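Below are two complexes that have chain A in common, paired first with chain B and then with chain C.
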Partner chain A sequence: MLFWQILIDGFAISSLYALGATGFALIFGVSGVLNLSHGALMVAAVVAAWAAGAHLHAGPYAGAALGVAIGFSTSLLTYFVIVRPLQHSRKIREEEKEIFILTATLLWGIMIQELIAYLYTNNAKTVAPIVEGVVWIVGVRTPSNEIFTAVVCWLVIGLLWLLVNRTRAGKAVLAASMNPRGVTLLGIELSQVYIAVWAIYGVLVGIAGVLLGMFLGVSSYSVGPLTASAFAIVVLGGLGSVSGALIAAYVVGYLETMTAYLISPAYRTIPALLLVVAVMYVRPRGLLGRR
Partner chain B sequence: MNKFKKRATCSPMLAVLPANAVFLALALALATPTYAQTKDPIKIGVIAEAQAVAGSSIPLAAQLAADEINAAGGVNGRKIEIVSYDNHSSAAESVRAFQRAANEDHVNAVIASYISEVVLALEPWAGRLKTVMITPGAASDVITQNIAKDYKHNKYTFHGYLTSTSIADSVCDSAKDLLVKDLKMKTAVVMSEDAAWTTPLDAEYLKCLPKIGLKVIDHIRVSPDTTDFTPIFNKIEGEKPDVIITGISHVGVQPTVQAKSQEVPIPMYGVSSQASNSSFWQDTNGAVDGVLYQAVSGPDVAVTPKTLPFVAAFKKRFGNFPSYCGYTAYDEVYYIADAIKRAGSTDPDKLVDALEKTDYVGTIGRVQFQGKDTPYPHALKIGASTITGLMLQWQNGKQVNLWPAKVANGKLKFPKFIKVGSAN
Partner chain C sequence: MRSFSTARVLLFALGVIVLASFLPLGVSGYILGLLTIAYYFGVFAMSWDLLFGFAGEVNFGPTFLIGTGAYAAGILDNLYQLPIWICLVAGALAAVIGGVVLALPALRVRGPYFGLTTLVAVLMLQNFIVVAAGLTGGEIGLVVPDVISVSDTTNYEIALWFMAISGAILFSLSRSPVGLILQASGQDAVQAGALGFNVTKHKLAAFIISAFFSGLAGALMVFYLGTASVGTLVDITVGVQIIIAAVLGGRRTILGAVLGAIFLIAMSEALRPLGDLSNFVVFAIALIVVLLFPNGLLGLLTGTKENI
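Our next item is the complex of A and B:
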């Protein structure tokens, strides 16, 4: 019974992690940017979806749509206001740009977090679920919303796979992640690719955020832990590897769920973080890393 | 030589100044007492969390009370003036505000904060600066325990809200009627967040629940960082209790929403501070339906004849309902004014003596403080003749009061997925 419970609960949360980390890995793979405002963007999407319901009396679909729209636009704002000026700066030496962008995105994330706390308090927010009720799966009472979450995550990941492998624009993105200079030689504007990647990332982050808001709920305090979990998953999977991130999301998701059920919910994140440290020692490039 | 000259020219001035100052001070000292008793306003400092949902009501409610008292002629002809300070929920900022209130703004009393940690930081300062301080919303028992330990220094602090222990007792009192008598419940699991205020709360729960006939089969302390409550509810459900007795304040939305989405069939009953806010239905998208929570006040509950007129006046002036510490802050201004009237003075020691003899019917009940020889001096007296507390339940977007029976305005009602008595 407990086995099935862990299997089902772990699958839902892992799928959510997978979706969140995919975008994070994609950005790093293509532009070498570690976006430490990741958690803040997710929380912004949740709060927007919540506010749509609470203040504008929007239905669950409209709320979710607004949440995704805010995730999308905040992501592009992050790129244009924070990342791009630093990438193009002539005053910062090339080899120092990564650390500048790292710091800038971290501070940007904190700014968003504080703004949310100021405007909407630091109380937790949840998004009205699109599907309600429970279903019984092998004797486990499972919220329908949990199944919905897993299905949407995999649909979106599937669409992303199609986009990257089957469309011209997607192929350019894939090529850019393999060899940025080669892509420019083919006459593709690298900055166009970056914008495309940040746009895709924004949609992924918005969807992941809204689903998380329906599933567990977040507060402005969640910004740090959400960034940390995406970061841990991506390091475990291998920096820049999307398929590595997908596998790592399930490793981390199940490890957390098992800890919560078998030891204590208070220690939920600890074993996964220890695993990341261990991977850094033993296999620094992660499960499927190529750098 | 030059130096000497300078000193020589200065010294007559220096000699003259103190003489003037002494004269001035003497003149002021002789003049002010008679003047103060007739014209000077009585100043009450309010140090509160102006940006937090609960704290924002404190200065507003205090101002409302002051304006009402002033409109009725003030206290012995003196007006009441509220001096407000925003502490940004920080203990350090509160201490600075308290120092400023006492030393520069010369307030006669302070109403401070709903956060126990903040009030505990201010308590020694109330003693050092000999300034009366009353908290409208903190719960920790340590506040009054400190007064018992060192009455001479800490007697300036008064606890204007229930202690955690009395909150637990209030929950048990209502559970005896609502759960044991009416629903024949026999077993409970205590689920509290891991925080300072829940330590005495849980200790009292574990004592008083068995006394009313509810056997405690497990006691779970939840980390305030918990995001996924599924494993906790899962464990509790496996133990088959009739009810979950809660002690949650910092966590609130997430356990409430997740219990609904997982359709946990066991009712939740106890302290859920956020549920007392009128916005909690929206915050949880209605998942709070059926949740029961202890409070000292509620919308449409006429605890005393003063309650509803206060709520109406607050709503009319500020556009929303007061939080729980709005009621207490409003009462506090009234009984501080009453104590000053009885003492005939704003002298802090006389004010303490007068406040100790407070017998005032406010918006949450009849306010009387426990004596200095009790374990909790200056804590509110709790009981049928003073303050009983209430037990409310969220039903279809409304906070309905179920207990005590004489002020109840509804009947216990659960959403479909909650199976009362399914455990037996």
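Our next item is the complex of A and C:
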């Protein structure tokens, strides 16, 4: 009984983590940027979806759409206002750019967090779910929303896979992650690829955020932990490897669910954090890392 | 900045510090309290700059070292009522041990990977404090029975001279051959090693020194405030403020970090009328500085260009 409970709950959580971390891994793989405002973008999407329902009396679909739109636009804003100027800056030495982007995106994320706290307080916000009700699976009372979350996550990940592997634009993105110089030699504008990647990332973050808001709810305090968990998953899977991130998302998701059910919810995040540190000692490039 | 000799910079700084030590004669206790906090923040930021600016380690967890020192000192005082100086020494030692623990992954992994380790270290400490609430006071915070002094002036002078001494040590160190070796190891560890320098030893030393000053400053701050809490000493936001102070002031300058810390505290105070929005504005200004003036305030003041 408890086994099935963990299996089902863990699956839903892990799918959500997988979707959240995929975008993060994509951005790093293609443009080498670790976006530490990741959690803030997700929370922004949730709060937009929540505000649409609470203040504008929008339906769940309209709210979700607004959430995804906010995730999309904030992501592009992050790229054009923060990341791009730093990448093109002449005042910063090449080897220090990475550190500057980390610091700047961290600052940007905290700005978003503070703004949300100012506009809508620190209270936890839950988005009205699109699917309501419960179903029984092998004796476990499961909210339909959990199934909906897992299905949507995997649909989106599947679509992303098709986009990257089967379309021309997607193949350019894939190629850029392998060899940026080679792509430019083939006459593909690298900056276009970056914009495309940040746009895709924005949609992924928006969807993951809205689903998270329906599933668990978030507050402006979630910004740090969300970024940290995406970062941890991506490092565990190997920076830049999307399939590694997917596997790692399930490892972390199940580890957290098991800890929460079997030991105590208070210790929820600790084993996963320990695992990440251990993996970094033993195998710094992660499960499927290329470097 | 480089064109001035170490001795001249220190002499000039000493003059400023002596002037600052007469400040209690002219300003209110409230401003002294703000400056006391700013000075401790200055030490945090300088210790961070030694690791980041010189050893090249992206440490997102300065508060791991600070929190370890602060809580170790606070818990000892709370449980056994030991004299304050013993608690301070113990806090600094605990932070040094924390620094060694943090240094172990840094010697293996680099850049973003190490950044994550430090972030994880802070989250673990935070989790530990919340889970072991019986010992640490949990989310409410730890109340220590002793404080160094109730006088604003005494506290101010202690913070000022502590900052001055730490700054002098860290600055001289950064200008010494050891500082140069650290800088070399930070920029290209392989080449520095090939030149015959023991990169591991120097990096470990940087971690220990940074941890010592962070922990001591954290412990002192506990005995100034009379409490230790996650929100003031450990939270990632606090760590980010320290990083901002160092970057605002100017990386790789050590002394700039103090300017950054005072600027940051003064700005939060000046923007207080904005209420909850003030933090947002502070972070926005910091972001603009990072984007437009990556060399920080000291870079602006002295007008030096990065010598590439």
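The rule is simple: the second predicted complex is superposed on the first by the 291 of 291 C-alpha atoms of A that agree within 3 Å, B and C clash if a C-alpha of one lies under 4 Å from a C-alpha of the other, contacts with A are read in each partner's own complex, and residues count from 1 in each chain.
In this section, contacts are C-beta pairs under 8 Å (C-beta built on N, C-alpha and C of every residue); 3 or more make two chains touch, one makes a residue touch a chain.
In this text the structure is predicted, and so the values were computed from the model without any measurement.
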{"item": "Combined model on chain A where chain B meets chain C, clash or fit", "value": "fit"}
{"item": "Touched partner set for A:82, first chain B, second chain C, both or neither", "value": "second"}
{"item": "Touched partner set for A:100, first chain B, second chain C, both or neither", "value": "second"}
{"item": "Partner chain(s) touched by A:178 [first = chain B, second = chain C, both, neither]", "value": "neither"}
{"item": "Partner chain in contact with A:128 - chain B first, chain C second, else both or neither", "value": "first"}
{"item": "Chain B versus chain C as contact partner of A:266, first or second or both or neither", "value": "both"}
{"item": "Touching partner for A:111 - first (chain B), second (chain C), both, neither", "value": "second"}
{"item": "Superposed model, angle subtended at chain A by chain C and chain B (C-alpha, nearest 10 degrees)", "value": "60"}
{"item": "Touched partner set for A:217, first chain B, second chain C, both or neither", "value": "first"}
{"item": "Partner chain in contact with A:231 - chain B first, chain C second, else both or neither", "value": "second"}
{"item": "Minimum C-alpha spacing, chains overlaid - chain B and chain C, in Å", "value": "6"}
{"item": "Chain A residues contacted in one complex by chain B, in the other by chain C", "value": "118, 225, 266"}
{"item": "Footprint of chain A on chain B - complex, ascending", "value": "51-53, 194, 222-223, 225-232, 234, 251-254, 257-258, 261-263, 274, 279, 282-285, 287, 417"}
{"item": "Touch list for chain A against partner chain C, complex", "value": "34, 82, 85-86, 89, 91-93, 95, 98-100, 102-104, 106-108, 110-111, 114-115, 117-118, 224-225, 228, 231-232, 235, 239, 266-267, 269-270, 273-274, 276-277, 280-281, 284"}
{"item": "Chain A-touching residues of chain C, taken from the complex the two chains share", "value": "52, 58, 60, 104-105, 108-109, 111-113, 115-117, 119-120, 123-124, 127, 130-131, 187, 236-237, 240, 243-244, 247, 276-277, 279-280, 283-284, 286-287, 290-291, 293-295, 306, 308"}
{"item": "Chain B partner contacts - residues on chain A that touch it in the complex", "value": "5, 9, 13, 53-54, 118, 121, 123-129, 132-134, 141, 143, 145, 215-219, 221-222, 225, 257, 260-261, 265-266, 268"}
